[in-house]
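Presented below are the structures under discussion, each in the form of structure tokens.
Common to both upcoming complexes is chain A, partnered first by chain B, then by chain C.
Coming up: the complex of A and B.
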């Protein structure tokens, strides 16, 4: 528990457990995703099996990706990079392991609950009250472990990645508690329109204040390491950090532009959604300047490759998000498959890619052996990249058809046959992602437990 | 009614941020920024150098081109929706 022992003797059990958790739930989550996509092609698919109804597996898929795959993957990297940057050991590997166990119990209980029909019905906040309490406790334990690690640090300066990890844990802990209305165990919700406002503050911030800062933390650490370049500007990165905190926290109402919420709130949401261009470009300029002239090195390293692609996806999804907050754009894109395409670029293309990159960066370093198979990791990269890009094209096209039809007053039963072909292609592309997830799980398990590679 | 929750949320968020910012300022976190940029590279005993091939560079360029094309598509949607604005 002390920081006096050298870091090289650290066993990184917590980071290992998070990586395994992420790889496992990624495979399960994408399996549920492919089931959900099958329902959109053939609505009678597995009819009358209550626990596999579309309305149940869709939130299972979303929550598993969010809390089972992306967050633990990024936390796995965070539990490696924070002690390294602070020149100390993690305060308690035992506490870390207990937290991972608790986290897995929460995720599993939440999914069983959802499949049995126990849901609050609020998007991204569907989990039942006891599970929410476990997740709040989980964030508390993660925060305690990381803050006590920082307290025993030997390096006085907090690198920008440490700032982002801390902000993610604290702000999401608060956001999760308030956004899930934890003090109302019966409903987990407020009444009427105020609940919609609160829900979307939570709904957007669970991405903006959890996945984004953790992903940026990992990218800010791994890209300089892979390129062997110092960060282009630490001052700029710190400005971006504070800019993100100021701007990102209150843009959730852009999900409610068609809803009778106060205009001032909509204006704040729209203005700050557009202003998000500033912290996003600050990050990207910084990272891309750090990587300038080293594209070969980045793509030679599997972790760098995943993470650099994640930054490109971040550029794409953020600019798209700022545009989508404009009312005139949203008249066509809102409530259509366009948004589903957007969310897949964000969660899988950006945060998911960086989560996988972070895992592939830390795994060889915490096991002291090379990755079990670089080829399998490369294969997974291409399968997921093809999946994300394919989803983007297909869902964007389907979304534009839906949006224009709606704008022109066409009825839904005329539009559904028009987009059916896109659902079929989407299902086919989804298979790439599922295969990629299972390949990743195999690679992670073999790297952790049955890795014949020589110790480095 | 919602305004209470909105204000509570924003107050907690800005409150925590302001306190941490004050601590960072007092603690000298913003002083030696030049050294801070090198922190990931300091004390690094484990390096895993990998051979660089030309294909990796081409791969990166293809990816960036794909991203630019995607952005261009999104921008064209924006332009079209603004032109069609009633």
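Coming up: the complex of A and C.
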């Protein structure tokens, strides 16, 4: 991989734009998160400001994290690693930049819409119809640019990271279209209970077919690079890839185990949720064996550190997820803060960590300078690590209290005071994450624009 | 690296898997879904649908589920959700969190005025609530939202609403006839067996402290810290919350207080607490009210049926 055209930094304008996008929306998203967390502690704080009401900013927080921060961050890395692996340039920087611009317009418009109460009311599919169209077009443009890049490749063989990027863009483009019921502009929903089946098929695939494959693509690229080890097993990477696509797409209905949907759907969802252990462990064994004996190198490289931590979080969130699909476990965990803890360890601990790691891997290489501050990146790493682990512990505890109390017949109003202190601690821990996000934004901006560092 | 994993293989392979699974996991259940309405289903009115739009726009779905499970307790848990309940819902608002209560059967649990006070500030009627205030919606939209909430539960909600409306006129007439008549009417409302029962727990410092805690958590928003019925919810509620101090010398037994707290006073904003509070908690808060505001208690006394020789 020494092709000179792949080294020219002007060939990575799109990757830069994605990194900046991700760093910016990460800061905005966590700001909304901390505001929402503060409402749970003090519900009259900032009361009666319509566009900042809890029910309006919760989807803003969630959508910004998914589509503003994690996805663009991973796409930034993808727009670096696909051309590098294919020994060519990105097909069109202009198209790439237009896509980033369109993506940002869509995200901003979607968020303004949500704050004004324009929503479909379906989780992860809230955005209004014109914004959905923009995002579908966005996936189309990303796919076109990357596929044309692959088509002009000098390297005949596709590395596993490229499979994952291709699959993520294609499958999410289709899933997004179907899941958002784009052919129903008025409601963006189906009629009756099967709307919930579709919604959770789609909702879970945002993690399964977008965040996870892109994260795995980045990990498969960066971990061998950082450790200077070859990938442990090619066979495992094939098994993990197809296994993930087949198994992950079946499990969305595990959100509906306690709801009147057909039992066979629930059975498939439970069986496949447990079967998720296979693609997850296949990937982790592959990556961890690749890193075997090189943890010192990983510790020394900030990108490697973020990404390797992300793989550990992937282990925890996946095993936890398989457990949570068991009906006996879900009897306690469903509807509680346990699930919020689970989503934070998944989206921030796993995909978010890898997204940040991907950015920190790519940025020095596309700006030809070292990161503006390794110290700030390290500080951000620890703030986010403490934040996400703390979140998981606190919200899991709160969820267990809620779930067991409800099962024993204590009503919501009786249980609210019992979990109040956990909401307070969660708010405090959230401050770590917000500070981490703003430090990251500062570091990325300085790295891109005002970096006094020596040419590397 | 394998030669088989060509771009075409990756893309067609993933799409083939995706479409096969969409067919099985989404299309098939959708095509074969049962759209038979359940026995409690009814169509919503235009105003109720307008309220539902407000429910969606303001993100109520993120904290309130509309899906009762076989393991649930509390309001609405008498009826487990059926797919026939959702046949007119687009989108379906099942919810994924219970930061607040399940609303599947909320219709008719409270009269409208309770909801008005609750939407203005949820802590007016529910001091422990962490729901945002919705005063910013303005009264018109609060009323529309209330219509939707009162429709939840379909025909079951309608029968509960009819019960509320039936008693509303009576409870209002009793209030307007003056405190003497009102106090008597409220007591006569209680079955005689209950009226004869004294509070079985003796008055103790600990018991009063527990009662005060329950009072602060559940009662204070309407009845106020000093029991005069002038809590923050009062301006929205009619007939207004009861001023306990008018009850002195009217033979208000522990049993009367217990019965009214347990079952609420239909037609008024006084909800039932039988799902929220276990027996001893109701006795404790009743005794707290008797000692603190009525200044007349029968706690720990013998049952009147024994005293009266039955």
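Definition applied: the second predicted complex is superposed on the first by the 446 of 456 C-alpha atoms of A that agree within 3 Å, B and C clash if a C-alpha of one lies under 4 Å from a C-alpha of the other, contacts with A are read in each partner's own complex, and residues count from 1 in each chain.
Following the convention adopted for this analysis, a residue touches a chain if its C-beta (ideal position, glycine included) is under 8 Å from a C-beta of that chain, and two chains touch if they have at least 3 such contacts.
Fair warning: this is a prediction, and the values are worked out from it, not measured in the lab.
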| item | value |
| --- | --- |
| Room on chain A for both chain B and chain C (clash or fit) | clash |
| Which superposed partner A:328 touches (first chain B, second chain C, both, neither) | first |
| Touched partner set for A:295, first chain B, second chain C, both or neither | first |
| First, second, both or neither for A:198, with chain B first and chain C second | both |
| Touching partner for A:238 - first (chain B), second (chain C), both, neither | both |
| Which superposed partner A:392 touches (first chain B, second chain C, both, neither) | first |
| Contacts of A:174 with chain B and chain C, given as first, second, both or neither | both |
| Partner chain(s) touched by A:406 [first = chain B, second = chain C, both, neither] | second |
| Partner chain(s) touched by A:72 [first = chain B, second = chain C, both, neither] | neither |
| Touching partner for A:159 - first (chain B), second (chain C), both, neither | both |
| Residues of chain A contacting chain B in one complex and chain C in the other | 156-160, 170-171, 174-175, 178, 190-191, 193-194, 197-198, 201, 234, 238, 242, 245-246, 249-250, 261, 265, 331 |
| Residues on chain A engaged by chain B in the complex (per definition of touch) | 8, 85, 87, 155-161, 170-171, 174-175, 178, 190-191, 193-194, 197-198, 201, 220-221, 224-225, 228, 230-235, 238, 242, 245-246, 249-250, 261, 265, 295-301, 305, 308-309, 312-313, 315-316, 319-320, 323, 326, 328-329, 331-333, 364-365, 370, 385, 389, 392, 396, 400, 456 |
| Chain C-facing residues of chain A, complex | 39-40, 43-44, 47-50, 53-56, 58-59, 117-123, 147, 150-151, 156-160, 162-163, 166-167, 170-171, 174-175, 178, 187-199, 201, 209, 234, 238, 242, 245-246, 249-250, 252-253, 255-256, 258-262, 265, 268, 331, 334-336, 339-340, 402, 406-407, 409-414, 416-417 |
| Residue ranges of chain B touching chain A (in the complex, touch as defined) | 1-2, 5-6, 8-10, 12-13, 16-17, 21, 24, 28-30, 32-41, 43-46, 48, 50-54, 56-57, 59-61, 63-64, 66-67, 70-71, 73-75, 77-78, 81-82, 85 |
| List of chain C residues in touch with chain A within their complex | 1-3, 5-7, 10-11, 13-15, 17-19, 21-22, 25-26, 29-30, 32-33, 35, 55-63, 65, 67, 69-75, 81-83, 86-101, 121-123, 126, 128-137, 217-218, 275-276 |
